[in-house]
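As written, the chain order gives the labels A, B, C and D, with residue 1 at the start of each chain.
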Amino acid sequence: MYAVGVDIGGTKIAAGVVDEDGTILAKTRRSTSPDDVASIDRAIAEVYEEFRGDYEIGAIGVAAAGFVSNDRTTVLFAPNIAWRDYPVGEKVRALIGEDVRVVVENDANAAGWGEFRFGSAKDATDMLMLTLGTGLGGAVVVDGRLVRGRWGVATEVGHMRVVPGGHYCGCGHQGCWEQYASGSALVRDARAAAVAMPDRAAALLALAGGDHDAITGPQVTSAAQAGDPLARDLFADLGRWVGEGAASVAALLDPELIVLGGGVADAGELLFPSVRAGFERELSARGHRPEARIVAAALGNDAGMVGAADLARVD
Amino acid sequence: MYAVGVDIGGTKIAAGVVDEDGTILAKTRRSTSPDDVASIDRAIAEVYEEFRGDYEIGAIGVAAAGFVSNDRTTVLFAPNIAWRDYPVGEKVRALIGEDVRVVVENDANAAGWGEFRFGSAKDATDMLMLTLGTGLGGAVVVDGRLVRGRWGVATEVGHMRVVPGGHYCGCGHQGCWEQYASGSALVRDARAAAVAMPDRAAALLALAGGDHDAITGPQVTSAAQAGDPLARDLFADLGRWVGEGAASVAALLDPELIVLGGGVADAGELLFPSVRAGFERELSARGHRPEARIVAAALGNDAGMVGAADLARVD
Amino acid sequence: MYAVGVDIGGTKIAAGVVDEDGTILAKTRRSTSPDDVASIDRAIAEVYEEFRGDYEIGAIGVAAAGFVSNDRTTVLFAPNIAWRDYPVGEKVRALIGEDVRVVVENDANAAGWGEFRFGSAKDATDMLMLTLGTGLGGAVVVDGRLVRGRWGVATEVGHMRVVPGGHYCGCGHQGCWEQYASGSALVRDARAAAVAMPDRAAALLALAGGDHDAITGPQVTSAAQAGDPLARDLFADLGRWVGEGAASVAALLDPELIVLGGGVADAGELLFPSVRAGFERELSARGHRPEARIVAAALGNDAGMVGAADLARVD
Amino acid sequence: MYAVGVDIGGTKIAAGVVDEDGTILAKTRRSTSPDDVASIDRAIAEVYEEFRGDYEIGAIGVAAAGFVSNDRTTVLFAPNIAWRDYPVGEKVRALIGEDVRVVVENDANAAGWGEFRFGSAKDATDMLMLTLGTGLGGAVVVDGRLVRGRWGVATEVGHMRVVPGGHYCGCGHQGCWEQYASGSALVRDARAAAVAMPDRAAALLALAGGDHDAITGPQVTSAAQAGDPLARDLFADLGRWVGEGAASVAALLDPELIVLGGGVADAGELLFPSVRAGFERELSARGHRPEARIVAAALGNDAGMVGAADLARVD
């Protein structure tokens, strides 16, 4: 059975027809408005119409950045799109006019499920996925099942507290993991280093035209790839926080695999060695237990689409 | 079907016949030696013999403080008993001489399962149990299933790191949760307060004969119950760490219920208000989500026996 | 002998004739431009001309926010005024056309000296003054002598590190004391509390028109004075950081008096009890040593003017 | 004028005749008992008798580990010797039977003064000395004068708090600098590393006979000198804490020279580079100010004797 996976972004959706092996057979896109939620419903209906002529579609899976109701039909709250208790499934079905199954899933969960079923974790039973983008998201699979939590809001990994009294987070709390393990943290630290240690930050400042507030994530990556010691240290620090935090999650959940995705994880060897070193240094009961492997995500931006499609089909 | 639940302590075992409703129909005890693991096998076989005349026993569940193999037959490692890759199930069956099912389970998992099935969480589907004793243990149930992890060593909650560079733990790491949320932490903090603030610690010092190193947990409890401000603050601090750490776990797992057990939790109202306040203050996305309730365990010391028996039967 | 004390602000100067008892006999003001440092020289010369007809002036003391050279003639660097290695003394003398003594002093040092000689610390020999404004400044007197340091840049108390890896400071470092003990810290914490705990912050949010980013320091003070629990807690936290940090300075310098000045210190009883509690709790070797008293500054905004005049006169 | 300098240890005293250039002309020792304070008085009187035949002695300076009264005649409290408000000067004079000047000084102050007058800081006016032994002591000279504080208990540098909620100290507080920057801290961290990372600690464990609790400071030094990566990291961490803490003191006092003494400082190049790196990284307003140099103490164990003699003479 084919399913359509839809990945909802801020100003566009990406959709694809996905088969039972996780292969994307066709892809398309539509522009949408984050303030006009009906525009999103229409776009989903349109892509369904576009695909149904060529493929027999059994279900639509929608990956959305937000809290999703337990029955996976409604977005309860989304930070960047105007969904508030919005029954996406019902709305889309009404536009389509037939009884196709529409399942909504948190986007990080969908991406994690994609990796679990068809990507880096396809041979695993217990996985922690961490998505390092602007913030820090993730997904957890325990014994083959996606963890959604009692009310569907599990796996807010980025808001686990790792430093009491630490950096303030946009959520109003202090010391959230994503303040230490995300692209935003990388840029903030780079800018501060440029103020405190302008000599050491000369390469970064040159890339940013001399203005520490203009330093960007891609500049840090570029400097690090060119061997700049400060930029490399910034990635190593970031990696350390990823790995050390992952060790705490591993103490709780004992996963066999930790998958790192998101744009920051593309830094690859700038990041992974320090992630592994931080994880090993902080893992409880080392030597008395097997250790999770830490690997890169395999599906890139398609993970959400593929995972959403599969979740719509299999459960 | 009846099952025998066996709770293995350092120098004795407690065993009981448990029915399918979690009711203990009979109880007994045997002395054992932690250095002579065969003495534990014999004691288990003896209690089985004692019970089998009066009850039809279908399975034996053994709750053991240690890492247990995935197939739940073998203790891989125990900190306080000389088990090293020790096949408890096979040894006991050999002594009994018949093919009764023997299932070994981590003791915190067994106690958590007892509370989940028959105690404070019997109406819940997703639970975090925290056991506040000398150290900090726990158990997690997700969507009705006990989380054991890929290699059976999940739910080492006490070794999640809550303070980078914090107090050293016996495990060699720093900042483990149990260094802030356990009876040992309470006593350590009480003693330090008595050194730094002898005036404020006058009541505690009086109970300890004037020697700060002689302050004990029961003395702190007693002083707190009598209204001593320092002792009450010590419990409030402890509760705060329990609640704040639980908020991080809730960000990850979204449980509906947090159950507090163990001897320290008996402090009741000295502890629970600050646990709840700490949890609420640190819970991510408050107001956009339902919140877990925080309740006391109901089964006391029987939880492990009841849970082990049930786990032996049902899975 | 009379001396003129001049307090340099961002857009104006305040000047006064000060006698040897620290009494201000006359006061005046001039507007200036922070980008036109000559405008400041001219304003100082003008106020001198204004006063000299009525008073016999022996010296001019200039209090300036910035690093001052060892010989107290030159501002090496100022964050908010365009002084860079600027010989204020020489420039003013050239305008005046006579050989009056012109002494430049760091403004926090001048204010501290004013309090030491004529204000709250006039009977003390060893003082720590902390000025709680937007940031955290201070002054130290050891055995009757103002501590300027080897290169004149001592008493940057606000940039002592109190939390490794703590809040970022405008200086590029992390965990500077002024990120925890200043008016800016108070407002930042109030805004974050309003995001994380909107219910608890209802009173503050009402004052700020519902926008957490619009919360101001005076609103927090006003809410605290009206008894709002959150606002009172915010002041108590601030006071705790002031007192705990002061305990570290006291371990180093053993002052007899700690004087709190600056706008935030006007909060008085909202602040002082928690400052004292924090100081007492963290003071090393309590019980084996006398303890510094913690008092409010007495001279208000005149402290800098009076202190600068006195420093110009007495050396 | 010659003076006798006496360095009081736990079970012996060392004394010497010191000239005005800080040269030791003669040395001797006596055994004493820490519980019998009169034995110390007698030993001081004896060494004076021994020296007076050959040298014209004008004063006796006594360096004592403890709090000393403002008039420098009395030890108020000592942690390791049974002095409690004990008038050492008067007692010694009574034994000697003549009116020689006897001046008592805190031992860290005496050693710091020795370095300031005749050792590494002899060309400086403003010095911070840090003595890295079992604990962390120090001395401060501001503008050529030793800082004793209002009540003589200044420069308890080891008990400045550098980590809120950090490691417990014997003083009952948490996060004292000496818990991070001392020989005890080095050993504690080495032992913990051996528990958490036995593979990485193989060299250290081999030196300690396989028992992590048997690891000593000299073993860590020896392993570090032989290039062991863990031992080198432990020294680097220690150095970092020394340097970062020194940066906070420098923000307060602006010294021109930081002198490192004590047994741990003998580690030399294992320690100093990371001290300097930590200092530079955390120093406030770098680039806008000259920076203190960081150098090794020059006088070794004689510093206290020489300094005490000089302090007895000059003031």
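Everything below uses one rule, namely that a residue touches a chain if its C-beta (ideal position, glycine included) is under 8 Å from a C-beta of that chain, and two chains touch if they have at least 3 such contacts.
A quick map from chain label to UniProt name: A, B, C, D = Glucokinase.
Please read these numbers as outputs of a predicted model, since none were measured by experiment.
Visitor: Please report the smallest number of touch steps linking chain A to chain D.
Guide: 1
Visitor: Have a look at C-D versus B-C and report the one with more C-beta pairs in contact.
Guide: Counting C-beta pairs in contact, C-D comes out ahead.
Visitor: So, comparing C-alpha centroids, which chain is the farthest one from chain A?
Guide: Of all chains, D has its centre farthest from that of chain A.
Visitor: In whole angstrom, what separates the CA-based centres of chain A and chain B?
Guide: Whole-Å distance between the two chain centres: 34.
Visitor: Give, as an integer number of Å, the spacing between the C-alpha centres of chain D and chain B.
Guide: Spacing between the chain centres: roughly 47 Å.
Visitor: As a quick test, compute the distance in whole Å between the mean CA positions of chain B and chain C.
Guide: The separation of the two C-alpha centroids amounts to 53 Å.
Visitor: Roughly how far is chain C from chain D, going centre to centre by Cα mean, in whole Å?
Guide: Once rounded, the distance between the two centres reads 34 Å.
Visitor: Residues of chain B that contact two or more other chains, please.
Guide: 163-165, 171, 173, 196-197
Visitor: For the complex, give me every residue of chain A touching chain C.
Guide: Per the touch definition, chain A meets chain C at residues 163, 165-168, 170-174, 188, 192-197.
Visitor: Within their complex, state which residues of chain C touch chain D.
Guide: Chain C reaches chain D through residues 67, 76-77, 124-126, 140, 142-143, 145, 147-157, 159-164, 171, 173, 176, 244, 247-249, 251-256, 282, 284-285, 288-290, 292.
Visitor: Which of the residues in chain C end up touching chain B in this complex?
Guide: Residues 164-165, 196-199, 281, 286-287.
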